[in-house]
Amino acid sequence: MNEYRITQESLQAFVAALVADGLTVLAEAADGSGYARLAADDRVAIDPSRAPSRLSMKEHFFPKSEALFEYRREDGGFVLVDRLPEVRPTVILGARPCDAASIGILSKVFNWDYRDEFFNRRVDATIVIGMLCAYRDEHCFCTSVGGAPDSIAGSDLFLVPLNDGALGMRVVSDDGERFVTAYAHLFEWGAPGDPLQVDEALTLPSVRFDAEKVRGWIEGHFDDPYWSAASETCLGCARCAFACPVCHCFDIVDEDRTYGSGERMRNWDACQFGMFTKHASGHNPRAARAQRYRQRISHKFAYYPSRFGEVLCTGCGRCTRGCPVGIDIGAIAVEIGGMAS
Amino acid sequence: MTNIYRPELMVIREIIDETPDTRTLRLQFRDPEVAERFRFQSGQFAEYSVFGEGECTFCIASSPTRPEMIECSFKRFGRVTTAMRRLNVGDTIGLRGPYGNYFPLERMKGRDLVFIAGGIGLAPVRCLIWNALDLRERFGAITIIYGARSVDDLVYRRELDEWSAMSGVRTIVTVDPGGEREGWNGEVGFVPAIVEKIAPAADNAIAVVCGPPVMIRYTMPVLTALGFDDESIITTLENRMKCGLGKCGRCNIGDVYVCKDGPVFSYQQLKALPEDY
Amino acid sequence: MTESATNDIRAAARRLLADGTVSVVIGYGDAGPNRTVPIFARTAAQADRLVVSHSALNNLTVYLTRALRPVGGRIAIVAKGCDVRALVMLMSESQIAREDVYVIGVACAGVTTSMGQPMSAETVAAKCRDCIVRTPPLYDELVGVQCEPPATSDVLDRRIAEIEAMSAHERFDYWAAELELCTRCYACRQVCPLCYCTQCIVDRSVPQWIETSASPRANLSWNLTRAFHLAGRCVGCNECERACPAGIPLSLLNRQLAATALREFGYVPGIDPAAPALVGSYDLADREEYIR
Amino acid sequence: MNADVVDTGVVRAGVESAGDDNAGTGAAGAPWEPKVVAFVCNWCTYTGADLAGTSRLKQQPNARLIRVPCTGRIDPLFIIKAFESGADGVLVSGCHPADCHYGTGNYHARRRWTLFRSLLEFTGIDATRLHFSWVSASEGRKWVDVVDGVIDEARRQGPFERYHALARPEAMIDD
């Protein structure tokens, strides 16, 4: 495995070089809000033990709102103008493994049969520099859903902290290899400092539940009273879904920009909203909060895995940390796993 | 590299008012090349656009055997259908599709067909009825049982008359009790009761059932009692959809996406799904 | 807010459930160090999970009109002063009857800004620094030790004054930048006890007054409307701001309007259930010098 | 329009079409002209404006009138929608205090306006583009003065670029 050694100075020079070359560089913002754009002279801080931002990096591949095309009233009819995104080459610096993993999971739904070029173009234009994650709290459970703090899934390059305070950057994909060559002169080749041994220096989050068991229980308990109990305090906002790196439901609406002309927009939507499944006739298959909550959990741990072979959850814990009423998805999976045993 | 969300442009050639609140649009593609390419099967649906208002999901109500016009029938409910009702002949509509699966015409070959529909649920069935009638020699006896709330709510009235007049086609039209009026010489009663009364033979037959959820719920046991097995009962699900492409998540039921794995399901398939529709 | 307050709440809950006064007690359950979650206690065993502490952040009155609207009979609720103000508003707007709710008031010395924080001068929530209702304005029984109102520190008011000191263009740019971050998750609306409409204006599509995109224009329209619909009603519990994933300082919008209501109309919402609603009433002498 | 029943769809359509690019400007290449939306009550201001018309008083043509039953019916959303749709100035006008056809609609409206103006000022949305007046059915002359004043003010201020720019696609967050 090729590995570079990066000091704070070379990291700073690296970001400056990327920005100078016209690339967009995104990293978790210091204020903890989400992945934000770095300017050439911003101080770059890679801190593997920092708490995850409130919002995931999903927004870069699947924006909260984007135009699908433009419509213009002309000559008594309409003219449509494509708005496939022209994406600037982008580097995501210090992506958490639980964020980087989302790309592969989302690619499944965005590309089965119909290929969503809005998502694909953004993925294709992006180099993901992952980061070994040293943050742990009671809401993390990546190891229960197939991830790990040192997982390279979704990354092109991967940062590991070295004992001397510098960073090691491993090349973990062909795209990463091609990309890094142009900037190799900024780094030392090889890694003089010993990389921290993950199993020694980092405690892995313990595996809290067996995702396969959770799926089995869900498939046989559609009408279980557990769903009402688990969702009793849920207020039905979409903070969990919008913070989630893999929730991908969306709405499509038209919005006029000037009279008669405008854009067809795709906006984030969530199964927790009562309107989500409401038919025009008024019939609503999921009119009750408990039904919507059941859908959220079932889609993540049963339906998506059985359809696409992936749990629709990376164990990042953002939904739980952000939930205004403290609903804990990890604890729910543990409970379901317990009921399955 | 195509934009899967971009509709093709169509022109409204004709507007037919089926009932006071239901309307059929007859549409043609603006671009003849697109019209040439466009192929669909009975039971498939499309996303129709009114630009500035949004998209709406309807089945294609016309038969693939009559490709010169695409027809959709709709009731005014929300933002898009309200806008759609304001459109005139010559106005533009967008169409994405066709999407979803379709009625198993191959499996229906050589069998008797029983069509049961309620309200605007006749639209997808109508597509299949014309499809079958245009290929008449392939199928056995055809029975059509159609019901609506009242005489005024019956859609495709002229076609009901046409089917009634055909030999080899048995057409029974019913209205809910209280929905009849003077001179009405059809049946009076809810669809499940009429199906029970007519009692179509289940032998070598396939039943296609479309309509409001409550009608479907009460018709299924009647068909079962008549001897139709679960594989020989076919219905469609009318979930709310946005993308039609298996992405937006709205029509997800269990591990099924109605827009891709449906909208056509056998009763057997339906029974295997969580009751989330 | 001490161990004894927790014990008092448990005892009250057990008693109310046992003698049939209420069918459910809405309160705070222990969720680890410096954390609570809302719980609905229906049995004595569940009542023993109730706690109250500086981590009792949630305004539980939101459940009176949401989750528990269909529950018949009387409901007991654990409520701090700011929460009781919301309850007073719900009563004055005829959303809930006084006799349908049993208020276990909490004399409150303040809560932290977010969950997981120990209480300190740095972590105390901004709203608590100039709280006017350390003792709730209304209750059936009171737990906790009554304490002095804090010396007003005006953190929010100072921030508002800073923004007001900007030029109009700077203010516009400031808010445009903040509101651009809005994701339209509607957590602000869902946690708000006073956003109880069964269908929110933003969910109405015929006509579509407010665009649903998370675009700068639509976000401005949504957030102005949300704030305005709370004008003269918001009691400053600041749950909207705590729930916001984008970190938008929604409390400033709400508080500035509350300040206007006080300055222009001498009105403080959520103190007197018999007071007429601010925008549901008028005074012949209301100012109008800006009207030609 | 039935003055007692307002179809909000009609109001919205009125507001949006007021922002029509072709409205308010002359032929291509003509200088910029301000667009003003006026929400007026049916009983006083609309009638006053009508009187100005029948009296053949000259006024500038830049204002689109949207008639509502009462100023009490004017939701601040109407005003936001007008600015969103391209208005450079908005006028809200109804019966003088004590003259409301429904008794107290204008008193209730007045409270709301005070709060709404405060919100607009705080968020930096130029409140000087939003005008309020009382114009009675007999005040045709005052109507002309008021509406011309609003239009002149909007002309002096120029296009409401700051707000309208929010609608541009490039205002969307883009990488």
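In this document, chain identifiers A, B, C and D correspond to the written order of the chains, with residue numbering beginning at 1 in each.
We take it that contacts are C-beta pairs under 8 Å (C-beta built on N, C-alpha and C of every residue); 3 or more make two chains touch, one makes a residue touch a chain.
On a predicted model such as this, the values are computed, not experimentally measured, just so you know.
Two chain pairs, A-B and B-C, are weighed by contacting C-beta pairs, with A-B ahead. With centres taken as mean Cα positions, chain B sits 39 Å from chain A.
Put simply, the C-alpha centre of chain B and that of chain D have 47 angstrom between them.
Distance between chain A and chain C, defined via averaged C-alpha coordinates, is recorded as 31 Å.
Multi-chain contact residues, meaning those touching two or more other chains, occur in chain A at positions 65, 251, 253, 256, 260. In chain B, the residues touching two or more other chains are 78.
Residue positions of chain C touching 2 or more other chains, listed in rising order: 206-208, 215.
If each chain is drawn as a node and touching chains are joined, the picture fits none of the line, ring, star or complete shapes. Screening every pair of chains for touch gives A-B, A-C, A-D, B-C, C-D. Residues of chain D that touch chain C in their complex: 8-9, 12-13, 76-77, 80-81, 84, 97, 104, 107-108, 110-126, 131-134, 146, 149, 162, 166-167, 171-173.
Residues 78-79, 82 of chain B touch chain C in their complex.
Note for the complex: chain A touches chain B at residues 68-69, 71, 73, 76-78, 80, 82-84, 109-110, 112-118, 222, 248-254, 256, 260, 262, 264, 266, 269, 271, 276-281, 283, 285-286, 291, 295, 298-299, 302-304, 306-307. On the chain A side of its complex with chain D, the touching residues are 24, 26, 37, 60, 63, 65-67, 70, 87-88, 90, 122, 256-260, 263. Those residues of chain D that touch chain A in the shared complex are 16-17, 19-21, 85-86, 167-169, 172-173, 175.
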